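Pasting the structures in now, so scroll down.
In what comes next, chain A is part of two complexes: it sits with chain B in the first one and with chain C in the second one.
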Partner chain A sequence: MSTQPALVSENVQAIENLEGGPARGGSFRGRRIGGDSWTTTFLLALCSLTVLIPLYVTIAMAFKTTEQAVEGSAFSLPAPFSIDGFREAWSLTDFPRAFTISLLVTAGTVFGTIILAAFASYAISRNWERRLFRYSFFYLLAAMFIPFPVLALAQIRLTGLAGLDNPAGVTLLHIMFQLSFSVLLFTAFLRSIPMELEESARIDGASTWQTFWHLIFPLLAPMSATVGIFAFLASWNDFMMPSLITSDPSLQTLPVVQSIFQTQFSNNYNVSFASYLMAMAPAIIVYIFTQRWVMAGVTQGAVKG
Partner chain B sequence: MAQRTLTTGGKGAVARVPIDPPARHTGDTADTDVGGSFTLYNGSSGTFLPVKEGNDVMATVKFDQASRIYPGNDTPSVDRLDIDVADGEFLVLVGPSGCGKSTSLRMLAGLEEVNDGKIWIGDRDVTDLSPKDRDVAMVFQNYALYPHMTVADNMGFALKIAGVDKGEIRKRVQEAAGILDLTDYLERKPKALSGGQRQRVAMGRAIVRSPQVFLMDEPLSNLDAKLRVQTRTQIASLQRRLGVTTVYVTHDQIEAMTMGDRIALLKDGILQQCATPREMYDRPNNVFVAGFIGSPAMNLVSVPVTEDGVQFGSHRLHVDRSLLGSSGNEVIVGMRPEDVEVTTNEDGLELIVDVVEELGADAYVYATPANPDIRLEGVGDDALAKPFIARVDGRRVPDKGSKIFVYPNPDHMHVFDKESGARLG
Partner chain C sequence: MATTTATPVTTPHAPRPEAGPRKRRKVEPIYYLFLLPALVLFSLAITLPAVMGIFYSFTNSIGFGEWEFVGLINYQAMFSDPAILQSYLFTFGFAAVTVVVVNVVAFLLAVGLTARIRFKSGLRAIFVIPMVISGIIIAYVFNYLFSNSVPAAGSSLGISWLSESLLANPDLAWVAIVVVTAWQAIPGTLLIYIAGLLSIPGDVYEAADLDGASKLQALLRITLPLVAGYVVINVILGFKNFLNAYDIIVGLTNGGPGTETRSIAMTIVTGFTGGDYAYQMANATVFFLITIVISLVQLRATRGRSAL
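Take a look at the complex of A and B:
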C-alpha cells in the first residue's frame, strides 16, 4: 500500500507534463518540498483516498469467504484468507475465454493505435504547410469532442452491416476513438525532433519509409509508450462499446462478461469482488510496471543532437 | 610550382594525378608528403580509407547559374551562383549571416530546391536528384547524430541503408574510428560524448561512406574556441589526406582563410569573389570583400581624386589616372593595418590615437580621424564607429591621445569605386 500515494501523485505529474509539452519537462521535479507544496501534497493525499479506499475494500472483500462478506464490516480484514471467491468467479464467468478476447482486443488496439497514429502524425507534421494535411489534423481533433454514445446507434448498424459485430469491430472502433488524442500527442513530440536528423538520414540514403522506421519511430518510443498505455487503459476498461457492438455474448470482453454475470453473483460479494479484481488486475499491473518508463519518456523531452 | 600531386582513390596502386597548376585553382590542395602514408595502409584503396572501388570519377562540383527563391520572397536567396569546384578541392563558402551560403550548400545536398540553373557533380546533372542519389555526405552544424543509435551504428547507418554487409560495415567503421580516435567510444550513445567527440562522430559518419563530395555546414561553430582551432587543422589535413572534394560553409573568415583552397564570398545571395585565400587578401574584388576578409579589417577611406592620383589627407598618392577613369570626384582607398605608414611628420591623414593594443612584437593602433568629416567605410553594423587601425612596431608605439599621420604603402593599396564599390585596377 505504501507505494500507492506516490503512484497517484505521479499520475498528476504525468498529466501536467503532458499538457505542458516536452519542453517544460522536469520543472515539476525541480520543485522543493516545503512551504506551499505541503498543502498541495496533503490535498493530493486526501484526493487519493477516494481511489484507495474502494480499492482496499475490493481487495479485502475478494479474499473473504461468503459468510464473512455478508456479515462483517466492509473494511475488516479477511480472516481466514480465502480464494474461493476467485475460484468460483473463474469458472462462473468462463474467465479464460473472456480474458483472451479482452487481451486480443486490447493488444490490437494498442498496436493499431501506435502504428496508425504515428503514421498520421508524421505525415501531418511534415506536411503542415499543405492544406489537406493541416485540415485532416483538425478533423481528427474534432473527433475528440464527439462521445461514443452519440454515434452508438449509427455505429451499431454500420458494424452490423459490415459483419463487424464482433471483437474485430470493437478493436477497429477503439483504434478510431484513440486516434485523435494520440495524434495530438505524437505531433507535439514530432515537432521537437530536429529536422536535421531527417535531412541527415535522407542524405545517408534513406527513403521516407526507411527514415520513419529507422529514425522517427525509435525516437517516438517514449511517446509511443504513453500513447500505448492510454490505448490499453481505454480499451481494456471499456464496457459500453463492446457491449453494444458485439452481438454474440460468448465473444464479449471481460467487463461485459462481468456485467452479464452480475445477477448470478447475487449477494456473493466475495465472488463479485474477486471477479472485479481479476478484471482490474492487468490494468493495474501494466500501469505499475510502465508508469516509470512513461514518465522518463515524457520528461526527457526533446532529443539532443 | 613544379608538379603537385593529387590523390585519388584508385584500386590497389597508388594513383597520382599530376596537376597542371593553371588548369585548376586548387591552391595548395595537394600535399606532396601524403604519398608516404600510402605505404602504411594495406587496405583496398589509395588513401587511408576505404574509397569506393573503381571510383575514378572526377568529383568536380559545378554551380551553373543556380538560383533559389523561397516562396513568398521577391529577391532570390541565392542569385545565379556560378562556382566550379575542382576534384579534391576544399572550397569554403563564407559570408555574413543571411548571405545564402547555407542555402547554396543545401541546394548542392538536395535539401533545397533549385529554382533556376543547374548543379553538376562530376558529369552528372544532380539538379533534380534526391539527396540519396547524389552521393554526398553532410556534416551538420548540430551534428544531427541519431540519438538512439550507438556511435558505431551512427557511422554505419548509410552503409546499412545501402545494404552493405555487416562485416564490411564493421571494418569501415573501425577504420574511420581509428583515424578519428573514436575506437573507445564506438558502443556509446551520442549523449554520452563530449562536444568534440560528437563532432568527430559526425565527421566519421561522412568519411565512412567515402562519398564523392563532403558537405560541411559550420561544423565547428558548436565547439569552444580552443577546440575549434585544433579541429580546424584536423579537418583540413584530413581532407587533404582523403582527397575528397569538399564544400565547407562558415561565417568565420579566419576559418575560411585557414582551411580553404579557395574561398567563395557571398553577400545577399550574390557571389562577390571566388579565389584563393591569398588572392582574396591581396586583390579583393570590391569594398565588401576588402572589408570582410582579414582581421583586423582593412581600413577604407573616401578620398578626393586629384589630377594625378588621390589626396590622402595632406599626402598625395599617385594613381594612374586611367584607372580612376569614369569614377567621380571621390574614390575609396583601402589599406591593411600592416600596410599603413605611421609618422609624426605632418604627412598624410591626421588621426587621434584612441587605443593601443600591445601584442608583443607588434601593436595595433586604433585611431579616429581628427577631422570629423572624414568617415571610414566599413562592413557591418558598427560602420559609424569604425576606427582606423594601423600595425606598428611593438617597441615604438604612439601614446594614447597623441596625434599621428598615416598614409598607405603605395605598393599595397587598393582603390575602389565610390559608387559601385568595385575594384579599380
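Take a look at the complex of A and C:
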C-alpha cells in the first residue's frame, strides 16, 4: 500500500495530464492510434447541451422584456434586448445589500477556514505522537459524518441564544462544517513536506511561530487554494443554513433572497431570471479562473489513497 | 500493510527522526494555541448541538419554556407517524434512484472524456459547471422549465403526461427532483471517475485488443472491474448527500404536491416552527444514527479512502 500523499499528487498529475488537450504520444489513454474520435466528441457535445441549455435560458430570459418573457418561448433570443429585468431586480431585491452580505459571509468562511484549519493541522501533524493532538484529529474529522439537518434545530436555538442568529453565526457554522475536510487535506499535505526544511529554519534560530508563518504556511498555498475554493462554493451557494439561522430577512444572503422574492417576482420572468443570473454569476466567474483547483480538489477530497 | 489500521486517514504518521528517542519531549505551548481555537469553536458549534439534540429528544420541549423527560415517547410516536414514515420512504427511494442515475451517466461521460476526443478541456470544463451553481437557484430555473417549457413541448408533441407540469403531478414530481439533483451531482462524480479511469495503465487495453476483445467487452470486463473502488466511493458519497436533500426540493416543489416530496431534512426543520421541537429532535437523532451506520459502511467498504 502506498502512502497517501504520493497518490494524492498522482491524482493531481492525472488531472493535469488531462488538461493538456488532445492526448499526444506518450499518453496511454488513446485507444485509437489513428487519431481523435469525432463520434465521441460529437456525442459528448450533444450531452453538454443539457448543461448549456438551462444556462442559456437563464441568460436569454434575463435580457428579455417582461412582455416577451411572459409570452414567448423560453428558448427564443431576446428581441428587443433589454436590461430592464436587471434594473428592477437590482432595486426590488436590494441586490447591493444581499451581495455584500453574501460576500462577507463567504470571505469570512474562506479566510476563517484556511486559518483555523492550517494552524490546527500544523499543531496536529507536528505532535502526532501526543495523544491529545492525535485524538483531536479524529474528533475534528468526525464532523464529516454529521450533516447539517441533524444539528439544525439545536443550532438554530443556540445561535439564537448567543445572539448569532445573523450572518456572523452563519459564517461561523460554515467554517465549522468545512473544518473536517480542510484539516484532512492540510494534514495530508503537511506530511509530504520534508522535515529537514523546518529543522534548518530552527537551526537558524526561528521560533515555532516564525517557522510556521514564514516557511510552512506559504508552502501550504496550493492546498489553501483548494480548501478556499471549496469553502467559497459551499458558503456562496448555501441556502438551507442561512435561511434557518438568520432571523432578519433583510440580512439574508443571495440564494435566500431569491426564495424570499419568489412570490414577488410573480410572472415577471425577466426580473426573476436577471436576479438568478446576478446571484450565480460570481461563482461561475470564480470557477472559470480556478478550474484546475476545483477539479483537483474534488479528486483529493474523495479519493484518498 | 497500512490498511490494517483501517485507513490511510488513520494511519499514524511515519515516525519523525526527532520523535524516537525523545518521545516524551515537552510540547511547545504555542502548539496548544494553534489547536485550541479550532477545538473550542468546533465543540461549541458542532458537539454541543449534537448532544443537546439527543438530550431534548427525550423531553417534551416545544423549543422554549418548561419541559420534562418523557422517555422514549417521541421515538415511539415517530415510528407510527405517517408524515415521518412518508418522508423516510420518499428520501430513501429518491436517493437510491438518483445514485443509480448519477453514477451511470457520470461513468459513461467519464469514459467519453478520457477517450481521444477533440476539445477535451473545453468539454470537461462545461460538464463541471453545474457543481458551482447554487442548488436552490438552479431549482428555480428548472421550476420554470418544468412548469412552462416542458408542458408546452409535451402538448405540441401530443404526450399527455408531459403536457401538464411534472411538479404538480403527485406521482411524477419526484422525477423532476431526481433530474435536477442529478444535473448538479454529476460533475463531482464524473471527476472522481475520470481520476479512476486515468489510473488504469494503457497496456491492459493493448493486451485486450490483441486478444480480440471488442470495445464493449473491454469496457465491461476491464474498465469496470478496475474502477470498482471508485464506484463504491461514488455510490456511498452520493447516497449520503442525497439523503440530506433540501435546497433543490424547496426550489422545485417545496415538498408538494401535498407532502408527497417532503424530504427528511424538510420534516426535521418543521420542528422549528411547528411546535413539535423535541419530537423532531428524536427524528433528527434517528436520522443521525442512520448516517453513522452508512458512514461506517463507507469506512469499511473504502478502507477510509473516501473522506467527504
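Following the convention adopted for this analysis, the second predicted complex is superposed on the first by the 241 of 305 C-alpha atoms of A that agree within 3 Å, B and C clash if a C-alpha of one lies under 4 Å from a C-alpha of the other, contacts with A are read in each partner's own complex, and residues count from 1 in each chain.
Rule of thumb we're sticking to: a contact is a pair of C-beta atoms (placed from the backbone, for glycine too) under 8 Å apart; a residue touches a chain by one contact, two chains touch by 3 or more.
Computed from a predicted model, the values in this text were never measured in an experiment.
Chemist: After lining up the shared chain so the two structures overlap, which partner does A:157 touch, if you call chain B first and chain C second: first, second, both or neither?
Modeler: second
Chemist: Now for A:194: first (chain B), second (chain C), both, or neither, which partner does it touch?
Modeler: first
Chemist: According to the stated criteria, A:214 is in contact with first (chain B), second (chain C), both, or neither; which is it?
Modeler: After superposing on A, A:214 lies in contact with chain B but is clear of chain C.
Chemist: I'd like to know which partner A:73 touches here: chain B for first, chain C for second, both or neither.
Modeler: So A:73 only meets chain C here.
Chemist: See if chain A has more residues touched by chain B or by chain C, and give me that chain.
Modeler: Of chain B and chain C, C contacts more residues of chain A.
Chemist: Taking the superposition on A as described, I'd like to know which of chain B and chain C A:260 touches: first, second, both or neither.
Modeler: In the superposition, A:260 touches no partner, neither chain B nor chain C.
Chemist: Quick one: classify A:107 as touching chain B (first), chain C (second), both or neither.
Modeler: So A:107 meets neither chain B nor chain C here.
Chemist: Considering only touches as defined above, state whether A:206 meets chain B (first), chain C (second), both or neither.
Modeler: first
Chemist: Pick out the shared contact residues on chain A: the ones touching chain B in one complex and chain C in the other.
Modeler: Overlap of chain B and chain C footprints on chain A: residues 207, 303-305.
Chemist: Which of the residues in chain B come into contact with chain A in the complex?
Modeler: Checking each residue of chain B against chain A gives 109-111, 130-132, 134, 136-138, 140-148, 157-158, 161-162, 190-191, 205, 209.
Chemist: Which residues, counting only chain A, touch chain C once they are in their complex?
Modeler: Per the touch definition, chain A meets chain C at residues 1, 3-4, 10-11, 14-15, 17-19, 21-23, 27-32, 35-38, 40-41, 43-45, 47-48, 50-52, 54-55, 57-58, 61, 73-75, 116-117, 119-120, 122-130, 133-134, 136, 138-141, 143-158, 172-173, 175-177, 179, 181, 183-184, 191, 195, 207-209, 212, 233, 236-240, 244, 254-255, 258-259, 262, 269, 272-273, 276, 279-280, 283-284, 286-287, 291, 294-295, 298-299, 301-305.
Chemist: Residue numbers of chain A touching chain B in their complex, please.
Modeler: 194, 196-197, 199-207, 210, 214-215, 218-219, 221, 303-305
Chemist: Could you pull out which chain C residues touch chain A in their complex?
Modeler: Residues of chain C touching chain A: 1-3, 7-19, 23, 27-28, 30-32, 34-35, 37-39, 41-42, 45-46, 48-50, 52-53, 56, 63, 109, 112-121, 123-138, 140-142, 144-145, 148-149, 152, 183, 187-188, 191-192, 194-196, 198-199, 201-203, 205, 209, 215, 230, 233-234, 237, 240, 243-244, 246-247, 250-251, 264-265, 268-269, 271-272, 277, 280-281, 284-285, 287-288, 291-292, 295, 303-308.
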